[in-house]
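Two complexes come next, and they have one chain in common, chain A, joined by chain B in the first and chain C in the second.
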Partner chain A sequence: MPESGFASILSNKQSEPKNGEQLDLFLQTLINGLLIGGVIATFTIGFQLTFGVLHVIDFAVGGWVVLGGYLAYYISALLKLDGFLAIPVAFLLFGAIGYLIGPILYNVRNSRTARPELMALALTFGLFTLLRGGMLTAWGFNTHSVPTALSGESLTIGPVTVPMIRVAAAVFAIVIAGGLFLFLYRTRYGLAIRATAENRQNAALMGVNIRRLSANVYGLYAGITAMAGVLMAAIFSVNPEVGLRYTLFAFFVAVLAGLGSVGGALVAALMLGTIEAFVSTYVGSSYSLLAIFATLFLVLLVSPRGILKRGL
Partner chain B sequence: MKSRWAGLIIPVAIVVVLALMPTFVNNYWLRIATGALMWAGLACSWNMLGGYAGYINFGQSAFFGLGAYTTALLMGDPINLPFFVTIPAGIAVTAICAVVVGGPTLRLRGAYFAIATWAFAEALTQFANVMNFTGGIGGLNLPPFLNERFFYYTMVGAAVLTYLITWALFEHSRFGLKVKALRDHEAAAEAMGINTSLVKLQTFVLSAVTASVFGAIFAYWVTFINPKSVFGGDITDQMVVMVLLGGLGSLRGPAIGGVGLFVINRLIWMHWGDTAFYIAILGAAIVLVVLFLPDGIAGLFTRRSTKSGTVLDKAVGKLVGGGEGGRG
Partner chain C sequence: MSTNSRGVSRRRFLEGAAVATGALGMPFVRTARADAPTFKAGVITSLSGENILGGNLTKRGYDMWADVINAKGGVEVGGDRFKVEMFYGDDQSNPATGADAAERLIVQNEVDVLFGPYTSGSTIAVQPICQKYQVPMISGSAESPNVWKAKPEFNFGIIPAVDITAGKSLAVLAKAASPAPKTVAVIGVNEPFSKETGEGFRDGAKAAGLDLVAYELVPAEGDLTPVISKIAALKPDMVAVGGHEEPLINVVKTSKSLNFRPKALIMHYGVTDPAFAQALTADADGTCGVVVWLPTVPYKDDLFGTAKDFADMVQKKFGHEPDYTEAGCAVSGLVFGDAVKRLGKKPALSPEDRVALKDAIAETDLHTFYGPIKFEKDGDHFHDNIQPEPVLVQIQGGKTVAVGHEGGAGAALTYPLPAWK
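Take a look at the complex of A and B:
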């Protein structure tokens, strides 16, 4: 059953639970939130990595999530295949597209215009607007759900019942994030990426080809983000307007963790998933976006460099 | 070097044309002219911070919306204040919000500021969506006042005032030099004794307040507002595109971009109706301008230096003799 956690028009506040069920509801909300947080973590880690290497804040992150979701929708609706089969396709397809876009971003960020930082930001903002407008034009405002083999199943552990699809998505997310961490910390190329994120000049002096590395990192990030989009579409549903929501998620995590901090992103993403689940359950899902924006904004006012770790 | 008086010909001509416009065109085109003026003014307000100070504000619609909602709330029942009293109120509300948003975040790198303004605008949108006093997602109605000429001349006044203030403050004053200095090299500007945090905050508040005035006029003009129509991200998108297209950090850039893009918008609207395709065009326009025309349309006609000539000259030179490319 696709849930509508999106900013719905009506405030559908849940009916008050009885005393005995209160703890169960609390646990259920917590676990649901952590599971979603795990999926959010996958693309925010990539987002942070991109910032570290390219020094670009990617507004288009939500666009890649939605594109991944649409890919899953078309694979399941047109080819009558399981939605999860879209995961590898999404990685290869959007990884390739990201690989082509990476050098363009790199060129703009390192161009000799007056404010390259500002121009790169404007470029990803334009890309996001282009993706959103293009998807709205091509596919309209309708919301689509993505059926998978696990849709409708649920898993019961003690008092807590969670949809199977969320568990599976969280498992996938852990595999993706774990793989990414292994790649970053256990391979030579991962070392080059981390070195570049830390100090570009020194990395370049050590023989890292920053331009090619930027293309690879952006491709990797776009691919991972699209995979996360498949998972998100399977859990919730997909329409072109939700991209904004995922861009917000990435920003929220980036601000909480400090821009560029990969480890902090994991913690912040889990926090975000939990906050969202609790606000949706206890206050009403139409308040969840307001709560996230307000938290993000307050964190920026109080501790603008992130509360988990000092950012760049 | 042009003479002092030659530079006055174009502004005077523009003011004369604006003053006489209602006698030549029908109400339909007068509405379009009013809208074009509003967008030229909004683009100019965004350009104050984005172009002159180099800080990207992705939440300018927040201030446009604050002006609109303040006017709508104060003019509607039960308060029923006259229109021109609500404008200062909107300015005060906007200025306070701008100080609260800008104070802490303008001290940081531009990226945090961009995120903070964006989050602020989206939070306000959601706030207006869920609150009762803002009319929720349905919005608010204002007392209708059907006088196209009144709104046209009010918009002319606001737009001309905006451009005059920009001209005086950013192009012809020490304050403008400080702003440009911090844009070009913030650390160096600080070393010269410029209080960069204060200058940035002043610019930001001025930019926000300007947008709120246009929001107030817009609300009274269309007599009906809702969160999407005044806080929506599309409004900021459009301002950003207009300034980038016209040219960052110049006086005529936002004017060219604002009027040009708004007229294109209306033409698309006339032919195809309210279409999502326009959003895609906006996005494509931003991407193309950043990649191929970073100085905007105004940059095509500006002499960067006497030696290299304008970008157009260089392009022609390249075509003709394979002249030296790239910028000095």
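Take a look at the complex of A and C:
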């Protein structure tokens, strides 16, 4: 009979770490959770920004992540360079492509058709399918890994082992979130973005070129997300099929954070990562997704605008 | 109901048009079959979706057989040779879609035989379709024991179920390792094949007298850091993993990032896929796997020649060394050719012929480059070919070498594994 779930938990009781090691495992789990939360946050922040300005749930987010990963793979495989060098290239290349796609998305979202929000959703889903199919055709179906200077490097602090590449991802998320905050709250252009997110008509009346702003925001989002993809490919691996997973996680985090809330995305990602780590370690890995869904359900029930109550 | 000006209802008009189109088309279909009778073989596998890599391996194996047999003039029946025509159905890595694809191949393409999907889930979904239309299906890939437990009348499997291979491999590994390992932790990805592989490892550990310190099922989408951290804290001698390529790669990467290396790491499917070693480069070294075929096994047949000859053919055609899935799929065609030859029926096979073909396949007793083929006639592995012995392999210097098989070229097992560099 298959041994899973609670049977697995019971069977593991006899093999649990000893008392002195329990605290070590707890600390390790906490670090694991916070770091994976930081990793998830990297590709969720831009997703939130796009929703805030364009009012579009971008299902193509996973596609941008995978494209960034492939760029890093080819830079490391063909040019024999460190995968991290792909980060600025990913931002510039996919930022430019996003800038070109942004106006199309804007037109669809603001078209006079019935339910333009659904049309925009369908467009991003179509874009995701196109990206996935294109990558499969162009680059095949093999899974690739991206070596970087930090791959396999770890820092041991007492009983806790900290994977350096995850630290880099978490730092990246914090820097990006911080940078976005500064940009949004300390610059005139950030003010224009916030004004557009709040009330598009009023912003337009104040002289904001909404169309151009949407293109810039989508370009910024695509660039940031592709940079996150470089980190994802370095931490995990990349193939054309993993994009859907990132899209789903971005959506989970966005719902938990409150759609459009950039700060909430960071908090929600850390929260989800920690829940996943603790449930995996102390209950069983097969319950981790259940715990994530239960958390989402409860948060939506209690605070539909997200944990920070700042979502749309 | 709407009618046109002559009073003919729209429905009747459409019915008439459909009948006329069918009547015009049928002679061409019949003529095509009458002019060049061929055996029609339908391949259902994952040509898109998450299992696309394995799906393409199965397709390549089946295609390899079709190419080789067609190059020799086709399948021999009663002194004549009949070429093979291949039709493909994409299950999109989704069992329900696989069942639909199988039905289309049978009803629309009128295939004489089906070659089965890459995944066990799709195979199980297609079995009722085979039963309904009474079309035999030879599976060159499905390894889940659940494929055979329901005693599928029209389905035959070339590869031994994973509960046999995974279970035996731990005992072989424990026997080859010195000093003898005592503890093992098992991880299984929570999807049908991988979970059953994990269960095979778990049961094999108990049978080999090893202390099972952890048995963890992980979601395919989840982060592996928590479970690897937990297992690292238990300090097992060996870690066994049931999963496909991507989680296997991530297990190695996560273990390295946590600076955890057990004395032995054994996985099942995927280790022999060249993409595994390419993705991990030097970090793949030392990883053990279980296979039922290698190019070094000492078997041969009249169509493909030796195992090495087959490997060379695949290398030439597809640019990589074949793994046992491709070999198993190529041999599926060989089994069909042998059965239809014994049956003595020329294409196209009638429904009665297909039932007789199923009976002929059940009586297969072949020696091939893949190894012996003989299907079980009863028990939990009904219609599965459990003849091949699992081969323990290890990646050494980027190459997959046999380390525990009497017939294969045996190399010394690297044990315990050195610390990560």
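To be clear about the criterion, the second predicted complex is superposed on the first by the 261 of 312 C-alpha atoms of A that agree within 3 Å, B and C clash if a C-alpha of one lies under 4 Å from a C-alpha of the other, contacts with A are read in each partner's own complex, and residues count from 1 in each chain.
Note that in this section contacts are C-beta pairs under 8 Å (C-beta built on N, C-alpha and C of every residue); 3 or more make two chains touch, one makes a residue touch a chain.
Predicted model, so just to flag it, every value in this text is computed and none were measured.
Using the touch definition from the top, say if A:I101 reaches chain B (first), chain C (second), both or neither.
neither
Identify the partner contact of A:L34: answer first if only chain B is touched, second if only chain C is, both if each is, neither if none is.
neither
Name the contact category of A:E276: first (chain B only), second (chain C only), both, or neither.
second
Looking at A:H144, would you say it contacts chain B, chain C, both, or neither? Reply first, second, both or neither.
second
For A:T161, is the partner it touches chain B (first), chain C (second), both, or none of the two (neither)?
A:T161 sits against chain C, while chain B stays out of touch.
Just chain B (first), just chain C (second), both, or neither: which does A:S286 touch?
A:S286 sits against chain B and chain C alike.
If you stack the two complexes on chain A, which partner ends up touching A:L130: first (chain B), second (chain C), both, or neither?
Touch status of A:L130: first partner only.
For A:A294, using the defined touch cut-off, is the partner it touches chain B, chain C, both, or neither? Pick first, second, both or neither.
A:A294 contacts chain B only, not chain C.
Quick one: classify A:M119 as touching chain B (first), chain C (second), both or neither.
Only chain B; A:M119 stays clear of chain C.
Same chain A residues contacting chain B and chain C, which ones?
In chain A, positions 11, 136, 141, 248, 286, 289 sit in both the chain B and chain C interfaces.
In their shared complex, at which residues does chain B touch chain A?
Within the complex, chain B contacts chain A at residues 50, 54-56, 58, 100-101, 104-105, 107-108, 110-112, 114-116, 118-120, 122-123, 126-127, 129-130, 137, 183-184, 233, 237, 240-241, 244, 248-249, 275-287, 289-291, 294, 327.
Under the stated contact criterion, what part of chain A meets chain B in this complex?
7, 9, 11, 57, 104, 108, 111-115, 117-119, 121-123, 125-134, 136-137, 141, 244, 248, 251, 254-255, 259, 286-287, 289-290, 293-294, 296-297, 300-302, 304-305
In their shared complex, at which residues does chain A touch chain C?
So the residues of chain A in touch with chain C come to 2-5, 8, 11-12, 15-17, 21, 24-25, 28-29, 32-33, 35-36, 39, 136, 141-145, 147, 151-154, 156, 161, 163-166, 235-237, 239, 241-242, 245, 248, 273, 276-278, 280-281, 284-286, 288-289.
For the complex, give me every residue of chain C touching chain A.
Spelled out, the residues of chain C in touch with chain A are 48-50, 52-53, 56, 190, 195, 199, 202, 212-219, 221-223, 225-227, 229-230, 233-234, 245-246, 249-250, 253-254, 256-260, 275, 278-281, 283, 420.
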